[in-house]
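Structures for review follow.
Heads up, the next two complexes both have chain A, just with different partners, chain B and then chain C.
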Partner chain A sequence: MAMTGTFARMRTAAWLGWQVESNWADPVIFFIYMIARPLAVSLTLAAMYAATRSTATEGAAFAGFYVANAFHAYVNTMVVGMGWAVFEEREEFETLKYVYVSPMGLVTYLAGRSFVRFVLGSISALLMLLVGWFALGVRWEWSGVQPVFLAITMVAGLGATLSAGFLLSGVAMVLTRSAMTVLEGTMLGLYLMCGVIFPVDLLPVWLRPLSYALPFTWWYECIRRFLLGRGSSAYMNTLSDAQLLGAMLAVCAAFAVLSWLVYRAMDRLARTLGRLDQTTMF
Partner chain B sequence: MSRAFADDAALFLRAARARAFVRIVGSFREPNGLIADAVFPNLGMCAFVMMYRALGAPAYYEALAVIGGILTTYWVNVLWGMGAQFYWEKQAGQLQLYFAAPCSRMAILCGMAVGGLLASMLRSLVGVALAVFVFHVQLEPFSPWQLFAVFMATMAALYTLGMIMASLFLLYGREAWHTCNAFMEPAFFLSGLYFPIRTLGAFGAVAAAILPLTLGVDALRQVLLGARSPGLMSVRLEFLALCGFAVLYFFVARWSLRYLENLSKQEGRLTQRWQ
Partner chain C sequence: MSRSPDSSTPAVETRGLRRSYPGPRGAPEVVALAGVDLRIERGEVFGLLGPNGAGKTTCIKILNTLLFPSGGEARVAGFDVVREANEVRRRIGLVSGGENSGYGILTVRECLWMFSQFYGVPSSVAWPRIDRLLEVTGLTPLARTRINRLSTGQRQKMNFARGFVSEPEVLFLDEPTLGMDVNAARMLREFVLSWVRERDGRTVLLTTHYMAEADQMCDRIAIVDRGRVLASDTPAALRRSVQGGQHVELEVREGGAAESGSIQAAVGVPVVWGAPHPERGTRTLKFRLPEGGVLGDALRALEEIGVAVQGISTRETSLEDAFIHIVGRALDDEGAE
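Now for the complex of A and B:
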């Protein structure tokens, strides 16, 4: 009974989130808006590859970068989007305090909002993969795909994405107008630190531990390994499939626990500092 | 008649200078904005440079991506510091002050452009430092005067385009906000910020005819990388085209500002928040 009620509230939050995300435009314009950014990134990567195809010595690695970039859409839409939801509710619409004290509660509300973001991220990722498959020749051998490992990878990766979303939401609760900067910075920082479009071995040695502590670094490497049949990182290539998957699950689990603890701590801090109804932006 | 013109011109310059002053001081008083504009565009640039490195591409491509990455600082400023500025002002309830002031709205936009450009020039030094000290970009010998002329023409075209975008916010709210948002990556692609625009073939030429950033990036690469970076057109032609863009956009912005202000007043949306 309690679960049914929670799902009903989440569904309401998802519906509200959909309205907030999309009701500024008619469906056609919204669709164009939604696909414009991921499509442009895909085409940029393709143009970079096309420009260097005749001279590049490691061109075969491109498929791995492209596929990881497609799945990075989840991080851009879900993780940063959940942080933005808190920021917008407080600073722009000035409704965060009402959501917070409502029987629904902020956690259920954010989970509902994240579902809309998940759908949008899925559409972006699928579109990028389709463009890659049909227009850019980024393909894989279906016989080489490891479906069980890949399915576990996807579930764990999406779980880590949700966890990171709650972590950023907590941070956005405490920060004032600077939350906007932090959210944008996180999006770009993760793009660099997780080795989405290059192997993390190319990062400076002192940055690599941070990269390995992030679940998305492992997630993208697992997707490359279990979908395309080859990873990109020389270090991670020394691990067997089971070891790589195990390492990813361990990092994702640790990250999920840490994210939840940080979210709870930030929630308390935001109440202590009186940040839930403090508008500093407009 | 000439006295009135002189008074108007003096008021225009004073208003523009005042707005530029606020923009410069304000941007340095807000450390978050400073970090956002100076550091974040360069994170994306670093990722693209790393991708070239991972693909085993010649070092020239890294230099090309670095130059494009430095220019993203300006494009981000044009979109969010210039284009979306009236949205921030509207949300803060300050837009009406601009309309109550006795000066021209174009003076305010010109001041915003000059102030934003000066602030962004200092911020782009982070990208230059990365280019020199981290990526060790090798440049060809170049004329600083030519570089200055091409750079200023590019900026004039970009910031006058920003003035047109700013005028949209007089009428629109979230629609224009999302339009700015949607212009980020597509503009990176259409302007060939991270790859040679010639890769796009005829499509690249079309992009250059729409977006001044494309011509600006191409011209600056030709100046800094020399024969290694064959452009769409000669630097001289691209410079002239950029100057043409700047003049055209200035007058379009002036017309757009007047038209949308009137329309917005008629529809009662000039000071409407949360639209």
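Now for the complex of A and C:
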């Protein structure tokens, strides 16, 4: 009964999320924007690939980074979206306190809002993969795909994305003016640190442990391994499929626990500092 | 699973509730609540009356689980606001006046429905309730208007309606009529009173700095200032607590020989000069008769020292008189902080 109520409330939050996401433009412009964004990313990556092709980058390596970029859409939309939701609710709509004191609670609300972002991220990732397959030669052998490992990878990776969303939402609860800077800085950091655009091996040696501590580094490597059949990191290539999957699950689980603890701590800090109804920017 | 509270518990109870904020750049901490004790019974309309900065909104925020107290204890519907926040949230509603909040992309009706869903109200119950609230607040013609097209006053009415969609056990109204026009404020005050009377055990905690609003609406009032409850009783009892009898205002001819000192000696109580009336050549003289004092005696004493009285008016002690007596200054005085 309680579960049904939670799902109903989450559905309402998702409905609100859809209104917020889609209502800024008329449906035609929104649809064009939905297609144009992943298309632009695909073309940018193709241009980068063309510029470096003659020197170092091989086609297979490009496919690996292209696929990672496609799935990075989830991180871009869900993680930033959840942090932004807190910021927007407090500063622009001035409704955060009413959501917070409702029995639904902020966790259910954010989970509902993130669902819309998940759908938008899925559309973006799918479009990128289609453009890659048909226009840029980013293809894989269906016989080489490991569906079970890939399915587990996707569930764990999306779970890590949701965890990161809660972590940043918690931080956004406490921060005021600097919240947006932190959100954007985090996204840039994740893009550079997690092997999305270049192999982790190219990071300075002292930075690599941090990269390996992030679940997205392992998520993208697992996708490359279980979808394309080839990873990008020299160290991770020494691991068997099972070891790689196990390592990813362990990092994702640890990250989820850490994110939840940080979220709870930030929630308490926000109530201590009285930040839940503070408006500072608008 | 929602727990059942003991219905004999008070709707709101605080004991030694304290809250302080760090001062800016090493300055001493700012004390917003300095040990507040309140007990509000179920079914009451209870008012927190005090100047800006008295601690009313801080108290409301703590009771609504938005803010942790620095010390003391607070319970709503029998549940601790710190340790049992989820139980508290199932039972409360909040309306803050003077705000511009709302999702601009939703219509008024959609926004109210959405909040009803956040509280788990079935749509079949929520829609008729929403329509009734739109009617009460005069927003029916704007039901399908987007919130970003509403005026500030209309948004406030919508937010007022939002507080009632879940039919909460304890409703917190924080300056609910702030900035509203006179007619709308009166209508909403009447609605709150009928809402409480028609529903068994519903409680309203109202903060306001409108004397008339507190006097008209509240069963009991706590007068707060600088984070402390200075007095708490029914409006009538608070008025009675002011020692003395009638308030007298005399219009006396200007230019008489008598000075304030001799006038004061004649009537036997402190007097205050009010506004002059140059067109009539008179000025207002105010004083409060002592307990058991007779106005006729005071008038005769004034006549004997040459004060010419042109007009007389009297009134009973108001809540404002009680407030000034208890707090030591008027509600809108400078220095109220």
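Just so it is clear, the second predicted complex is superposed on the first by the 276 of 282 C-alpha atoms of A that agree within 3 Å, B and C clash if a C-alpha of one lies under 4 Å from a C-alpha of the other, contacts with A are read in each partner's own complex, and residues count from 1 in each chain.
Note that a residue touches a chain if its C-beta (ideal position, glycine included) is under 8 Å from a C-beta of that chain, and two chains touch if they have at least 3 such contacts.
Please read all numbers here as calculations on a predicted model, not as lab measurements.
Colleague: Touching A:T238 in the superposition: chain B (first), chain C (second), both, neither?
Modeller: Neither partner.
Colleague: A:S143 contacts which: chain B (first), chain C (second), both, neither?
Modeller: It touches nothing on chain B or chain C.
Colleague: So in the superposed three-chain picture, is A:Y33 touching just chain B, just chain C, both, or none of them (first/second/both/neither)?
Modeller: Only chain B; A:Y33 stays clear of chain C.
Colleague: Counting touched residues of chain A, say whether chain B or chain C comes out ahead.
Modeller: Comparing chain B with chain C, the partner touching more chain A residues is B.
Colleague: Check whether A:T272 is in contact with chain B, with chain C, with both or with neither, and answer first, second, both or neither.
Modeller: After superposing on A, A:T272 lies in contact with chain C but is clear of chain B.
Colleague: On the A-aligned overlay, A:G105 touches which partner chain: chain B = first, chain C = second, or both, or neither?
Modeller: second
Colleague: Determine, under the contact definition given at the top, whether A:T95 touches first (chain B), second (chain C), both, or neither.
Modeller: The second partner, chain C, only.
Colleague: Output check: A:A8 vs chain B and chain C. Expected answer is one of first, second, both, neither. What do you get?
Modeller: Second partner only.
Colleague: Could you pull out which residues of chain A sit against chain B in one structure and against chain C in the other?
Modeller: 24, 93
Colleague: If we count contacts the way the header does, which residues on chain B are in touch with chain A in the complex?
Modeller: My answer: residues 32-33, 35-36, 39-41, 43-44, 46-48, 50-58, 61, 65, 88, 91-93, 173-175, 178-179, 181-182, 184-186, 188-190, 192, 194-196, 199-200, 273-274.
Colleague: Looking at the complex, which residues from chain A come into contact with chain C?
Modeller: The touching residues are 2, 5, 8-9, 12-13, 15-16, 19-20, 23-24, 93-95, 97-105, 109, 268, 271-272, 274, 276-277.
Colleague: Once bound in the complex, which stretches of chain C touch chain A?
Modeller: Those in contact with chain A are residues 1, 21, 61, 64-68, 86, 89-90, 92, 94, 96, 99-106, 110, 114-115, 117-120, 162, 166.
Colleague: Please give the residue numbers of chain A that touch chain B in the complex, ascending.
Modeller: 24-25, 33, 36-41, 43-45, 47-52, 55-59, 61-62, 65, 92-93, 177-178, 180-181, 184-185, 188-189, 191-192, 196-199, 202-203, 232, 281-282
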